[in-house]
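The same subunit A turns up in both complexes below, where it pairs with subunit B and then with subunit C.
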Partner chain A sequence: MSHGILEREARVVLALGRRALTVQFRRAQLLMPTFVLPLMLLAVISSGTSAAVDLRGFPDVASYLAFMVPGTVVQGTILAGLTAGIALASDIEFGFFDRLLAAPVKRTSLVLGRLCGTLGLAILQSSFFLLVALAFGARYPGGAGAAVAAVAIAAITAVGVGGIAAAIALRTGSLALLQSLFPFMFVLLFTAPAFFPRELLAPVLRDFSVLNPLTYVVEGIRALLNGDAGLGDPALGLLAACLLAVCTTALSTGALQQRLRRT
Partner chain B sequence: MSLAPGSPPAVEAHALVREYKGGIRAVDGLDLQVAAGEIYGFLGPNGAGKTTVVRILTTLLRPTSGDALVGGRSVVRDGDAVRRLIGVALQEAAIDPLMTGRELLRMQGALHGLRSKQARERGQNLLERVGLTEAGDRRVGGYSGGMRRRLDLALALVHRPQVLFLDEPTTGLDPTSRAALWREVRALNDEGTTVFLTTQYLEEAEQLADRVGIIARGRLVVEGSPTALKAQVGPPTIHVELADAEGAQRARSALRGLGALEPAGAGGDIHVQLRTTAGKAAIAPVIRALDEHGVQVESVEVQMPSLDDVFMAVTGATLEGASSNDGSPSSGDHVGEAVPASRAPEATTAR
Partner chain C sequence: MSVGAAPRPRAGAVVVASWRRALNEVLRVRGALLPATIAPVIFMLGMTGQFSRLTDLEGFPTDSYLAWIVPLSCLQGAGFAGAATGSNLARDIEQGLFDRLLVAPVPRAVLLLGPILGAVTRCLVPATAVLAVGLLLGAEFTGGVLGVLALYGASIGFCAAAALWGIFLALTFRTQQAGPLMQQGVFLAVFLSTAYTPEALLRGWLAGAARYNPVTHVLELSRQATVSGLEPSLANTLPGVAALVGLILVLGGLALFGLWRIGR
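Right, the complex of A and B next:
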């Protein structure tokens, strides 16, 4: 592929990402779950169960809130990813995707553009969560650099989840199906040690958590924010996020190719 | 951008077939050619297969068999090249209600390889061209049907396409919006753009198209210029409305020599109809003859044979009858441009 074509496709991806993000902020039913829901859950869990810090097996952290925030951030990434699928499915259902398909651009760019929007959304969203928690007393001993790294890992994770959701949207074109996937978020969330350390999970969940890539993301972000390598491995978190993103992006571009062969 | 005469056809379809799941043959062995620089009107009732054909020609749908070339490139094997040549405004204007007109134009520009500054300028020009400068920064969700269509057209023009596909561009529009869109289509065609336009409206095809293909049940049933098609059906009819029924007999004998008198139908007492190839030119002689016979005339109208008549002749059904008739303007009320061509008087004289 020549340099010119790459540059052109990059412009397309950015334009589509920009559009995805713009629309996201104008659609209340997408904005509520991505920005408000995780914070509500954070408020409920952290106020109701802050005594958990005293449980045996609970790591020694500065504040329970700081321990919880990675869970909120990862919840945000799941929601950002899911809404990517929902937005794509509605583009398909209402014909907007046809406009994109009728344009002389690489088919892959259409998927990448959507995921580019998800990346941008997740960056805004996780920064927002970190700031709100900060305002409510969370402290990040890891420092600002660590917080930026945490946001980056979260954003890549969101692309990973978005890839799955986009693949489902492209396979089925069904808005309703994607909306029904929201409960799965909790499965992903509770089999990752989002709100409790792995040691406190039930044995079955603990076995699952080893297989859940989000486990490594949560723990990596937690280690970064708390500046405590005992809480997780940021490199492993980054690796898990990148692997997930690469695999599911491939999955969704494959789903698009297949969709085009079917039509 | 205009192509030299004698250049290869802008659009060619060869034995095109599209079968949907469930065995519906929406397109059933279609052959057609559209010359470069032409406005081709693809006319047919609802469900005839028009949209399916447009989707195949714009690479959005694969034919089950057969192939089509747009600008000499195969829609099946060379989709990307085809997409570079074409602009398309789909029947369901594929517009995101949450975006503004300007944002959509900018995005469309990026999709066609324009840089940000170019895309902005082009967007501005096109907004002016379709009269949406004021509305450009408003969300499309608040646009009227006519505004959406105009924006959709503008979007299709961002990259100055050689061939423009318009799928029922005026369905559901009010007469003013329809007329505005027609003007725009004509102007584009004058600039050299080939236009492939589908419509359920006879009037639209007659007004715009150089050539018309009538499609029914996925097959092209007849093709030609509107004039040639109408000539197949027969000469124009002159309708004379009399002031009173007493003159009917005298009127019929007065007009006998001027053409073929149609048998008096129901309510034929004050109406006399005459078929004559002279068309409008027969108005003066008709009035003179009636005058000489002392017949009081209320009005004289010339009715050209319409594409509806052609459709009737080739399929045995009326276009309106075959369609679900949603938002059709052919209600028969004579309001400005809403006058349905199928029954519109070509010339009217009253005395």
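Right, the complex of A and C next:
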């Protein structure tokens, strides 16, 4: 592909990403669950289970809240990704996506544009979560650089989850189905050590968590924020996030091709 | 030929008709109950998997975290089923149907009874699904028949309270966009309690919130079914019943106030 075409497609992706974000923020009430629900869950879980630090085998952490925040960040990535799928399904149902298909741009850019919006949303959302937790007493011994890296890993993960949701949206075109996916996406969260160390999970879950890429993401973010390599491997977290994003973007692009062949 | 006045509908018939209408929404929309049923089951499994080792803490009344979480998930499912009544009412208000119902020659409060009964009937599905999955995975009916009755009573009462909360918000905001507020109200009520650990193990602000949250007592009422340290007794039952009656009276009063204001 020539440099000019690449530049044009990048402009399309950015414009669609900007549109995705603008539409989200124009209907701010729809963002409330994405921004508020994970914080509510963080508040009740961190306070309700804080006695867990007395358990044998619980890692020695400077701040229990900072230990829990990565679970909230990952929960946010799931919601941001799902939001992308819902918005795409809405565009399909109301005909906007068909108009986009008539534009003289690569079809892949239409999917990437939507996921670009998810990336932006996840950056804002993860930063917001980290700042709110900081205001409520979380301490990040890893420092500001580690927090920025954590936000980056979270944003890439959101693209990965967004890819799954976009693939389902493109395959089914059903807004109602995407809206009802909310509880099912939480399986991804609960099968990772989102709020507890992997060693202290129920044995079945501990075995299963090895297969969940979000396990490595949440542990990587936890290690970064707490400045403790014993809590996880940030490089593995980044790798898991990137692999998830690449695979699911390919999945959603494939779903788009299938949709085009069908219609 | 003189034209006689149409017979005035009996309140009971109106209640039954609107109850059936509320149930039709579930029967005619394929899969309508699925997310509401699956969500509490997933939360139950997820929370149990994550926090099962909390039972190792000194002072935890049972050695099965699943047994601790099953009643919570039943209440959660029932609460969400109740709050959905508000979303449905808001939709009827937005689409103009409720305006037509308001001119019916029956007391206004009667219009709310059918949807509440519909919610209470619907809530039995998630509560039973959670209970069945919990039993399959090893939770036990330590409280026997009385405990199960307490669990279902608590779920039904909490569903009715959540429905009144949803109705109050629907009559106040008159838009379906208030839906998340209805659900999150239920979410907060359930989780600002002894949801994860008993009161003795709560720390910080949540300990205070749980002490004054009536849902803590409702949870205690429902936990008589599966938690071995909480046997069915009047002492474990009466606070929960009183909390439910109080919630229904307060939220019912608010819903009636909203109903009184609408159209004036």
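Throughout what follows, the second predicted complex is superposed on the first by the 261 of 263 C-alpha atoms of A that agree within 3 Å, B and C clash if a C-alpha of one lies under 4 Å from a C-alpha of the other, contacts with A are read in each partner's own complex, and residues count from 1 in each chain.
As a convention for this text, a contact is a pair of C-beta atoms (placed from the backbone, for glycine too) under 8 Å apart; a residue touches a chain by one contact, two chains touch by 3 or more.
Keep in mind it's a predicted model, so treat the numbers as computed, not measured.
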Partner chain in contact with A:180 - subunit B first, subunit C second, else both or neither: second
Touching partner for A:242 - first (subunit B), second (subunit C), both, neither: neither
Partner chain(s) touched by A:148 [first = subunit B, second = subunit C, both, neither]: neither
First, second, both or neither for A:132, with subunit B first and subunit C second: neither
Touching partner for A:250 - first (subunit B), second (subunit C), both, neither: neither
Contact breadth on subunit A, by residue count: subunit C or subunit B: C
First (subunit B), second (subunit C), both or neither touched by A:96: first
A:190 touches, of subunit B and subunit C: first, second, both or neither? second
Touched partner set for A:33, first subunit B, second subunit C, both or neither: second
Residues of subunit A defined as touching subunit B within the complex: 8, 11-12, 14-16, 18-19, 22-23, 26-27, 91, 94-105, 261, 263
Complex interface listing, subunit A residues touching subunit C: 29, 32-33, 36-37, 40-41, 44-45, 47-52, 54-56, 180, 182-184, 186-187, 189-191, 193-196, 200-202, 204-205
Complex contacts: residues of subunit C adjacent to subunit A: 31, 34-35, 38-39, 42-43, 45-54, 56-57, 177, 180, 184, 187-188, 191-192, 195-197, 201-206
Interfacial residue positions of subunit B with respect to subunit A in the complex: 58-62, 80, 83-84, 86, 88, 90, 92, 94-96, 98-99, 103, 106-108, 110-113, 115-116, 139, 155
